[in-house]
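In what comes next, subunit A is part of two complexes: it sits with subunit B in the first one and with subunit C in the second one.
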Partner chain A sequence: MTTSNRSASSLVDASASALRATATDDSSAVARPSRRGAGGSKAWWAARRGWLFVIPALVAYIMFVVYPLFLGVQYSFYKWNGVGPAEFIGVANYLRVFTDPDLLASIGNAFILIAFFTIIPVSSGLMLATLIRSIKPGPFSSASQAILFLPQIIPLAAAGIAWSWMYAQTGAVNQILTLFGLGGITRPWLGDFQTALPAVGLIGSWVLTGLCTVLFLTGISKIDSALFEAARLDGAGWFREFISVTVPGVRQEIAVLTTITIIAALSSFDIIYTTTLGGPGRSTLVPGISIYRIGFTQSDVGLASAFGIVLMILVLACVLPIQRLSRERD
Partner chain B sequence: MALSRPRPNMGSRQSLVRKSLLTIAMATGAAVVLAGCAPGSTATAPSANPEDISTELTTEDVELTIADETGFPVTQKLADEFTKQHPNITFKINLDTFANLAANAPKLMASDDAPDLIRLPTIGDTVKDGLIANLDPYYDAYGWDTWAASQLAPLRVDENGVRGSGSLYQVGLGYSITGIFMNNKLAEQAGIDAPPETLGELEEDFAKAKAAGLLPLMAGDKDGVVNFAIQAAMNQFADKSEFASWIFTEEGATYNTPGNVQGAEMIREWADAGYFPSDINTIDYATFVSRFQGGEGVFTFNGNWAAADTQAKMGDDVSFFLVPPVEADGGHVAMGAANSFSVPAKSAHINEIMYFLNWIHTDDAARQIVVDVTGAAPGGDPAQALPEVEPGSLIEDALEMSATVGAEDGQLDFMSNATAGIYAGSIIPESQLLVTGKITGKEFVEAVQKFYEQELAG
Partner chain C sequence: MIVNRSEAIIGRIVLVLVLILTLIPLANMASAALQPAGENPVGLTWPSDPQWGNFVEAFQTGHVVELMTSSAFIVLGVVPISLLFGTLAGYALGNLRVPGARFLLIFFLVGLTIPFEALMIPLYYEMQGFGLLNTQWAVILPLIGLYMPFSVVWMRAHFVNMPRELSEAARVDGATTLQEFRRIQIPLAVPPLSALAILLFLWTWNQFLLPVVLISDPLKRTVAGSLTYFQGQYSTSIPLLNAGALIIIAPAIIVFLIFQRQFIKALLQGAVKG
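== the complex of A and B ==
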């Protein structure tokens, strides 16, 4: 590895999201001073040549990620309809986010969705992957993998519409329930105040389980098979093997999947938009829908930006500890 | 069994925390710096110079751009007819869904390639921000003072941004009217022999239908359309001008009036009596229309725009009439509104587009298209002959209903047009609670008023 490559990589690390920070950072930091001390202007150029390679990505990143983020922060301190003159109102938008019961309730709903977007798919994905691994490789195993992954290739918006038909009063879900003599519990699942949020959440579980399963399968296949053999020789049953070999082996996958599914839950929009629009009442209202309405329908760009920033901080607050936990065990 | 557990890498952990803190600090710092320069503009509208105003159509080739909502084919048909009569004028019509168009309208009008005409259901801040043209000079030039003033009033905005009076900022492509559709066959089955004359009779008819094992009232509230029924009930009890002043966002106006509460409580009673479909909160506009047309429900609340299609599906088995008043001799009150369009202030062809708008209201062929395609009244001068329609058709009924409401001065705008955010933000979620018996009429009215005050203040 040349000096320029190394400094470029450390620069990318530093400028990219904090999630990507790695140990290479520290090693390059140690390497740099000794090399720089060795040379004259040639080395000076060599050290800075890395910037040339980074600049295109850096410019795009600043223009399309950093600058809009700053604008969002700026807008959040104003009362502005997106077109006319703006008025600086300090933290009033943030106070509104933290005091408006409807907005707070939408944050609460997003956290309930974590159960359906994260806990169910990650745990069932892990179990399915273990099961698939235990069956003999062949057409059946590949077919089940393919089928499990299928929901992932369907756009969420389309899944939402299809599921809203199935959940309807005369839809497939109620037909199946009636077939099994459960006609008594049939209802318009998305129109019922008690069942709408779980029903929407299960669409998310359906979509995300496939992704989790496939990622866990790759994770399990990377575990040294000697570990499984050793466990079996030690007399471990399948459960002991699962807890002591499989789960620790896919710890990184668990961290990654938990991270992306929590983000999917907290920033969910498309499934809700195509199924319930936040209803009935506000029982499935989530921050994504609220922000869209406040910003684009009510044209209150300031409040929408403030809510967006709060949502971003919430996501970071949930996701950063997971990153730290997964690293701690490495 | 013992699997080795590596020690945590403290270095990367600390750098991670440090970087997160750094990022937040940078963002905050930048925000403070940026707070110095406010976003947005203070541009005011270039008002049309009186000397530039012409009621003569140009002989040059001009392409007019119209931004319209999907599912509203009358604009295209009018444009085709206009180009046939005046070949030098052509049209480019950009269609988008109602929700998208409403959300993007201000930005679209503020952009450099603003359209010449735009469907604008809610005026909001567009007048204050100087985005739409003041049409008063054209009102004078074309002599629109002969047109029905009550139809134009909701299209006016005064200097405080309050609708209902002031300068003219919008024109309608057809003026809609709402009422009740009745399935004649099912009504007969339930022992209902004629449309109700009073609100009390309507409630008796609901009870008869329920007793006959029929669904009394087809309605949906996934997207808020049950509010045709809710406002229809309120209209009969409320003071019309008080209600109108609320819709037009007059200072100090309130939704929390005894009439509105009484109307909302009536809806709650209908909900408790089981007059609505049990899955009402999953039914959207298209679904409730097709279910009514398919023979489910004795009555439904809808507008003239559904008349032609309903007639095509149900033939003579359907009637269309105004919502009955509380007392048999009381005047009718019905929601109705212009399919309102505005001319962006940035349009380079205001003279041409105004000629087109005047033509829609005065040319016989154009008026015929408006009536045939939308079933809405063509507006314009009431003295001008109405287009011919098929005798006994629902469209004929709709035109008569418009005339009755016009004569009785009973037209009221849709309450969902009061502010840009009130429909999705408050009326829909609260009505979903009301029609399933979760809140009282009083609570409904109070919640909507609270949101209204918040939105107007914010």
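== the complex of A and C ==
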């Protein structure tokens, strides 16, 4: 697509372009009074008629995002079981979020998942893209792109079902391990306290690595090939070229992928729901599952809402610094 | 580009390995789906006696037709309206530059990072208040709102690049804002619109959290949301569970394979913008 779409790549980028847009608005506003003198209130109305175009989107957004968000904030200060009378309890729910071992465990697990949802896919995607960039466009290349994208097309819930069968006692993972003489370590991977979280995390790696690889491939293809040639002529090896040319060239892609994969890690739900539901014990409990359980199974609406707000702030706190960092380096 | 021969070979080998890794879980589903329904299959085994009947049985007992209809209904409820609202607002914010456009854009941008999990509890009670709980509307209406920030930002990015001379020329020719929008801007916006349509279709079709939370009857959910129903229904038969799950995910895969290039392009742009 167009270049500006790429520059509007991220939240902050886009808000920056919003600022730029206003800058032009302001300049036209300077010219406006003279025009108003001629056109009268007609021109004033013409400028504001654009609001009519925004209203439908605004109404939908306010009704189903902004209003529920305020509702959630309101609930979070109450003790309420969803049907009976609600009792105002101040910040007690928030205090529980940060003291309840189950809830703290689910936040901790979400951060461990970042290793599998972000670090593994982004780093291996970058390596893979570097390795396969030399493959000429053709049927093989486009077929592999399609295959790498398959995990993006199927629902995460289906990935969960496919992988719970892979990880089962009689599943393919144990079968392959036995084939390589590692029969000693076979186990039901999702049922084991030690391995359940990494096993679930690797499903995320499976889903996201393809997306990272293909995005990095397009990023690398935009780097001026003269840079690669210059590096090689200067005697740079594979590694040197990777560090000095490839990584700086795909900085923006790294920032974007880190952002979306961190959001995916912190707000994971589908995969956990269809594989472990947070078990065994609380070894794979994540915020999404906790909110679901507390809100609907234990009917503690206030606590679940407070946890939802905390999750939203956590996501923002992780994502905003990345955006800022990637902008500063530009 | 200078690439050593050995690097090219290593690249190919690694790529093939990764492709195999990507395909194994799906192939494993297919191999399990073709084993006898009453037996517990072992790992990745070649189906020596493929039981195609499993697919027929899963199709019939899994209420697949009902599920697909429900999913299609939800998609049709969400996607066209989101496209329309998003385009209108994107046009106003990008091209008409309405007063307060900057504030509005930032207002929408804030919505991009809100995880659905943070909203599921209040949305539940909001839908209960509307009396829509356990109907498809309980998913359709919130999804329109939840996709709105992305749709607006996406379409605005297109309209903000359209040369202003275009609208000025239209005005000189006497076109009203609405005429200009319909006759000139919309036809030019087809590529970003179709990419957005692909993304919204996929996100809605694969939406899991909201249907699970807001619709208790699995047959009224999206196909993704109904997978929990399959898990319950076929908890004793791995072959039937896998056959059912494969049937459920097949339509999206088929559509993907047909419109491969458009899908990959849309998804890459979607990732960059999301």
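Operating definition for what follows: the second predicted complex is superposed on the first by the 277 of 330 C-alpha atoms of A that agree within 3 Å, B and C clash if a C-alpha of one lies under 4 Å from a C-alpha of the other, contacts with A are read in each partner's own complex, and residues count from 1 in each chain.
Note that in this section a contact is a pair of C-beta atoms (placed from the backbone, for glycine too) under 8 Å apart; a residue touches a chain by one contact, two chains touch by 3 or more.
Please read all numbers here as calculations on a predicted model, not as lab measurements.
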Which of subunit B and subunit C A:123 touches, first, second, both or neither: neither
Touched partner set for A:82, first subunit B, second subunit C, both or neither: both
Subunit B versus subunit C as contact partner of A:175, first or second or both or neither: second
Which of subunit B and subunit C A:299 touches, first, second, both or neither: first
Contacts of A:69 with subunit B and subunit C, given as first, second, both or neither: both
Superposition-derived comparison: subunit B or subunit C, residues of subunit A touched: C
Contacts of A:291 with subunit B and subunit C, given as first, second, both or neither: second
Partner chain in contact with A:193 - subunit B first, subunit C second, else both or neither: first
Touching partner for A:221 - first (subunit B), second (subunit C), both, neither: neither
Which superposed partner A:157 touches (first subunit B, second subunit C, both, neither): second
Touching both subunit C and subunit B, counted on subunit A across the two superposed complexes: 14, 18, 21-22, 25, 69, 71, 75, 82, 168, 296, 301, 316
Subunit A partner contacts - residues on subunit B that touch it in the complex: 1, 3, 5-6, 8-9, 11-13, 15-16, 19-20, 23, 27-28, 30-31, 34-35, 38-42, 99, 102-104, 106-107, 110, 124-125, 128-129, 131, 221-223, 278-282, 419-421, 424-425, 428-430, 432-433, 436, 438, 455, 458
Subunit A - residues contacting subunit C, complex: 1-2, 4-6, 8-11, 14-15, 17-19, 21-22, 24-25, 28, 46-54, 56-58, 60-69, 71-72, 75, 82, 128, 131-135, 142, 144-159, 161-163, 165-166, 168, 170-172, 174-176, 206, 209-211, 213-215, 218, 225, 228-229, 232, 238, 253, 256-257, 260, 263, 266-267, 269-270, 273-274, 287-288, 291-292, 295-296, 301, 304-305, 308-309, 311-312, 315-316, 319
Of subunit C, residues touching subunit A in the complex: 1-4, 7-8, 10-12, 14-15, 18-19, 21-26, 28-29, 32, 40-44, 81, 84-86, 88-89, 91-94, 96-99, 101-102, 104-106, 108-109, 111-126, 141-142, 144-146, 148-149, 151-153, 157-158, 160-161, 177, 181, 191-192, 195, 202, 205-206, 208-209, 212-213, 223-225, 227-228, 230-231, 238, 241-242, 245, 248-249, 252-253, 256-257, 260-261, 263-265, 267-269, 271-274
Partner subunit B, residues of subunit A touching it in the complex: 14, 18, 21-23, 25-26, 69-71, 73-88, 96, 164, 167-169, 187-188, 190-191, 193, 227, 230-231, 234, 236, 244-245, 248, 276-282, 285, 293-294, 296-301, 303, 316, 320, 323-324, 327-330
